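Next, two complexes with chain A in common: one pairs it with chain B, the other with chain C.
And then the complex of A and B:
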């Protein structure tokens, strides 16, 4: 059952995208939409109408748009403020997808900070019989965390608890953090959106669920968007394994760990911890093979981790090295776009 | 000494959950009935410790009394920290004759010869187990009672279970143990876990074992939830067969709650579709860990449901058969098929 390492590995390793040709092209004619609600419904999935019936086809054709096989080596530290980057790293984020935001303005961030603070104060009062915990919200732009001209800049939201020690906010740890991002988003899709919409399909949050729910509901009310849970399926998890292993030459992955869950009573977890050099050499030896997915038959891959980052099937992601930030977010942006309702 | 007593008592009060504290103190029996009734279990643990320290001083209790309290708690709640199993080998002719008093005396005197500052306390439990608490010191420091080692040995059996032991202390303990039990050596049983009774039951094979039988009727009756007339006989037979094999390998009924097994793989990578890597000389290093609330029951279900193929691979059936949960797997050096073979 479990010592078929080779097949497991083929599962992982053969995920290398091959040079396939059949991309489902979208007709450029954008359908006239009558209302803004309808407009965001023209989702990413409908762009690939030809392959809608077959998920695997859709996946492979979408992945063609990215450069994951040869990640760009340009240094993210040159583009993004290291302090902002640090606040995105080494935190485990719970992921969600977000439909395009209607009339979201980058020039209004200060006002959004105030509005969300006020909204939270009001909502909290309703829920907790006027418990006097006040919050201070800060919206900021993480400049440079984009790959193309079409990507909208990443938004970072931090919520601080308003304590007696006001004025020390710079050193204060936020009680909740979250961000909205779009890295290497599908160009055709973004272009097809009406002007008033901004696509930031990937939402990550870290903090209590109650606060996450408040932030989500504020966004829904103000920008007419909706959120949905973003699980990372086993194919994407295997992709992440491949991505991170590929960085081993530059930055030690220390150990590659993959956890499978088997549906027996009681639940059985099987974890593989692979020597980093062996993992990398195996990865190199299979690069360029034809894709052919083989599953660890009865179980499902539930978690993968290396020193560069970790991911779980329920949609948690942690990035611990800035080098693989862009590629990881690219993959997740695609997952988010795919997950959006039609 | 006074300070050590106070800090140990404070540590104990912090460690023991309130719901166990009352029972443990009653079992200990070093407080008067009036004192016990006076204790307010709703106050903070810090205040509770202050109260107990005051009573202990009043009753002129010493450090030894406090270690006694700790032993009572640990014996009743052994599932804390990692337990490692060891096995005594090569018994001398008089080994079966070793009784408690002799063992106690021999063990203490030999350990005292090896380490000058060591404090040993023994207690025989109702189930014949001897519980040994060792507080280690060295030539220039007094025994550290805050981090003692616990050893459990069943007299007249080769089994020894240990928790909180450093490698340096391991050598000392092994020596004292083999002399006191009249054996020639002690070896690592490659079995460890947090659940003490699980590793004990597994190693001492104290669970329901199922043996090959021509008519596995009892087993079938008990495990078949409902007779399904629509299932073809053939399929039902295969299922019964799988269940029988699963139970033969892992045992029937409730199984010891072992929570993990580790396989350290140092085998060559084999995959017909990846020639480059299969031809690699070096082994592929990988550690595979199975975890579950009850690993043996999970594996039994894997086998009976067909997720693991039957007959069950020796890699899995070795866990109960050999009573271990750590394996290093290497390729057989000789033989054309280079089979995977569990070795020490």
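And then the complex of A and C:
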């Protein structure tokens, strides 16, 4: 498909986040979003006389980030163990949101590793009728992948296959990886939870669906939480484009690629590849004056990719550069918290 | 002869007598007994009764071959069995007949196959039949068939205590290789904690060594492990793929057919039993949010070790009855997944006492997640595609709400979101039911969250939806008022200074919310009546609502009186059906009583002040009502309805002012004519005006009251002082003075 350069500009212009109408210029500046519902708090003192099943009502009206702060400049490599960071990068993760975990203890990770291995062995036995595949699970904390004191530390789960033929010393590649994270989670929301709960709203997994299902089911049974799929809607995708383009000055984004889906029969996908310099220039111009916006009619952005990372509307994300790790996870944490039932 | 007696009863009474209430039989009153005797006489010749009698009396060793009497009787029984099912006593007789092998082994399967219970299966019969298993030489295939039958009708066995008592006896059949899978299933259904013994576990493990890891053994062992984890060391997979094999026996379809037919006769089993999920029945679904989690013990033992070390905790999953729940109330361990509490009534009882905030929060997280995933986020149709499951789920939730008499906050939050996208059709009864359970909404939030979306739905839908919504809002109001009255009482505080009611809310806050709701419904009612041209069904639902509103002060202790607007009052007053007018009269009567009470309280404390405007509005309504119905002076007071003379003339109603009294009112005209005929049977010509003379008038009014118009009578008693109706003379209405 061939597009004149101008049409690319149209596309990019549309891509500029719609949110700026209400507020923001860029992710760099502070974004104000008005909460729709005023916080309505119930006094916990009145609990005895209160309608008890509604204790949690206070939480229902809590809204999420009222401000989105600029990414801090401190280098993530200083905070996080590079090996652990490497295991989070360059993998395409399938995202889910998770309701807060009940009685999850960071001190019990070893025991969780054991329990999950046993659980998987038992479940697999059912599926494969006693096949000899065995799993070794490791839970670990990715220290430092947080932004505030309220954020719970990221948990990395890796599952290795214990094949009988593999040598003991051989370096093993995990057959499944997953993590639970909370970066820059809304402070009010996290504080409103009783202390038995830990909020790690963002879950990424990479591996077979069957294993993912097993891990989810184990978490559900042990920590009474629920997993739901987390799509990245097209506004969030636009934000990601903005975020990543903004890094161009520091590290080359190489090429900005965007795919729009147009609601026509048969479904039409329009793919744009934008020269990084053009994208950068456009981005700079957006930060300054308002360019003349032209709508790319009813299409919706379904996928974006740059050298820094890629994202798809179905909830897949890949981060290839540690620089934008925190900002990307912050945005995704916010998306996940928006999905919370209470 | 006991059998005969049962047979003559209707299925309903069989049901009640089989419940442990033999007393109820004795309490039958005389007339019933006589009727029954009659019935019995008629049924004595009933071939079915005769057939059952044959099987209960037939001698052992009677030949089968060429026995036409036998064949005929069996056909009769089979016919009844497949058409409407067998009553409990017939089941007993036939089961006894079959298992005792009185006429040989060949008949047994045929008889077993037709044992389709109409209502319940008597436990004694099953116990006796199990006993026969040990005594007589029943072929293995028939034994299997019998156990399969027990499994199929298990839920219909009227009690299980005796069956549990012979647990050990039943267990002994486990060694019979062919019977083992079915016996295991039966044991699974019967097992209680007391039954789990080391020797039984050993036996099962022996069997497992011999037969391999059979799912039926694993299932039974896993249940044992649930009860006594310290005794069963075997690692049991936490979730088993296949349950007990689904016994596709010949009874299933026949039973379903019979049950469908008799569905009215079978009382829903409201007993406190644990539901055992048939895992194999579960349909594969891509999104299976709607499944309730299984009630399991907390898996995270280590983390709770410190808790349970102090006292021995009892997992909720082990409790099977309300009595057990009460016994262990102080040391119950919550399940791993709080959502599972919705699955059984024992658990719901417990939920009512759960004080832990985090436990309720867990439940709300799960419930909110489930509702939103299924009805809001689902891309591929969601609820509309799996409507059966969605319906079941919502019904269960609704049951829980009704059981607990309050709603969960997450379902409230969900409803606010759902209302904005709801078409008003999908699962309407369930959604409206859930809606009426939401707790008091602060008035500043009410408009946006609740009233706006409801308004849009209301004005764009059929009169029947309008009625449904009004009923729902009536329920909501009643719930709010009930909460208020309960908490006001519980706090034992002077209502005027009561600082919190159902949620943290001042009394004035509650009054704001309630009056906003009432005004909203009033608005809906006024416009609805215009849109549907005074639909009488709609009018009745509106009057239902006002029956709640008019009694808020006296019945619920909320010092608030809100009157209906003229747009509701006059359509009801001028309605063409007498019931509506009567109900309006009743409502006005209750308003009067409430206002009088408020006035009397006013002398004690200022807190009960009702606005002067309310009194004056009420007085105008009463004056108008008396003028319309008693004084034949409609449209003359001109206070509330100021109608131009020209408009009245254009309505082409002759003598507008006099045509709405109790004689000429379209709602009562037929009574007036009837009364006229009764009063002056000799008169050829109808002269309704003659009713208006003093004597006939008072008779006529009495006549109306005698027809069941109590509302009018009460209205008259509280509002009309003088009872001297002279034609043209003015009836005095008892207006209220401030």
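Criterion: the second predicted complex is superposed on the first by the 257 of 342 C-alpha atoms of A that agree within 3 Å, B and C clash if a C-alpha of one lies under 4 Å from a C-alpha of the other, contacts with A are read in each partner's own complex, and residues count from 1 in each chain.
As a working rule, contacts are C-beta pairs under 8 Å (C-beta built on N, C-alpha and C of every residue); 3 or more make two chains touch, one makes a residue touch a chain.
This is a predicted model, so every value here is computed, not measured.
K.L.:
On chain A, which partner touches more residues: chain B or chain C?
P.N.:
Larger number of chain A residues touched: C.
K.L.:
Could you look at A:278 and tell me whether it touches chain B, chain C, both or neither (first, second, both, neither)?
P.N.:
A:278 contacts chain B only, not chain C.
K.L.:
After the superposition on A, what does A:141 contact: first (chain B), second (chain C), both or neither?
P.N.:
neither
K.L.:
Considering only touches as defined above, state whether A:267 meets chain B (first), chain C (second), both or neither.
P.N.:
Only chain B is touched by A:267; chain C is not.
K.L.:
Using the superposition on A, tell me which residues of chain A are in contact with chain B and, in the other complex, with chain C.
P.N.:
Common interface on chain A, chain B vs chain C: nothing in common.
K.L.:
Please name which positions on chain A make contact with chain B in the complex.
P.N.:
Within the complex, chain A contacts chain B at residues 1-3, 5-7, 9-10, 13, 262, 264-275, 278, 281-282, 285-286, 289, 297-299.
K.L.:
In their complex, what parts of chain A are in touch with chain C?
P.N.:
Residues of chain A touching chain C: 37-38, 40, 42-43, 46-47, 49-57, 59-60, 99-100, 102-103, 105, 108, 111, 115, 118-119, 122-123, 125-127, 130, 193-194, 196-197, 217, 220-226, 228, 339, 341-342.
K.L.:
Report the residues of chain C in contact with chain A in the complex, numbered from low to high.
P.N.:
That would be residues 213, 235-241, 293, 296, 299-300, 302-304, 336-339, 354-355, 357-358, 360-362, 364-373, 377, 404, 406-410, 412-414, 439, 442, 444-445, 449, 483, 487, 490-491, 500-504 of chain C.
K.L.:
In the complex of these two chains, what residues of chain B are touching chain A?
P.N.:
For chain B paired with chain A, touching residues are 265, 269-271, 273-274, 276-277, 280, 282, 284-295, 297-299, 301-302, 305, 307-309, 313, 315, 340.
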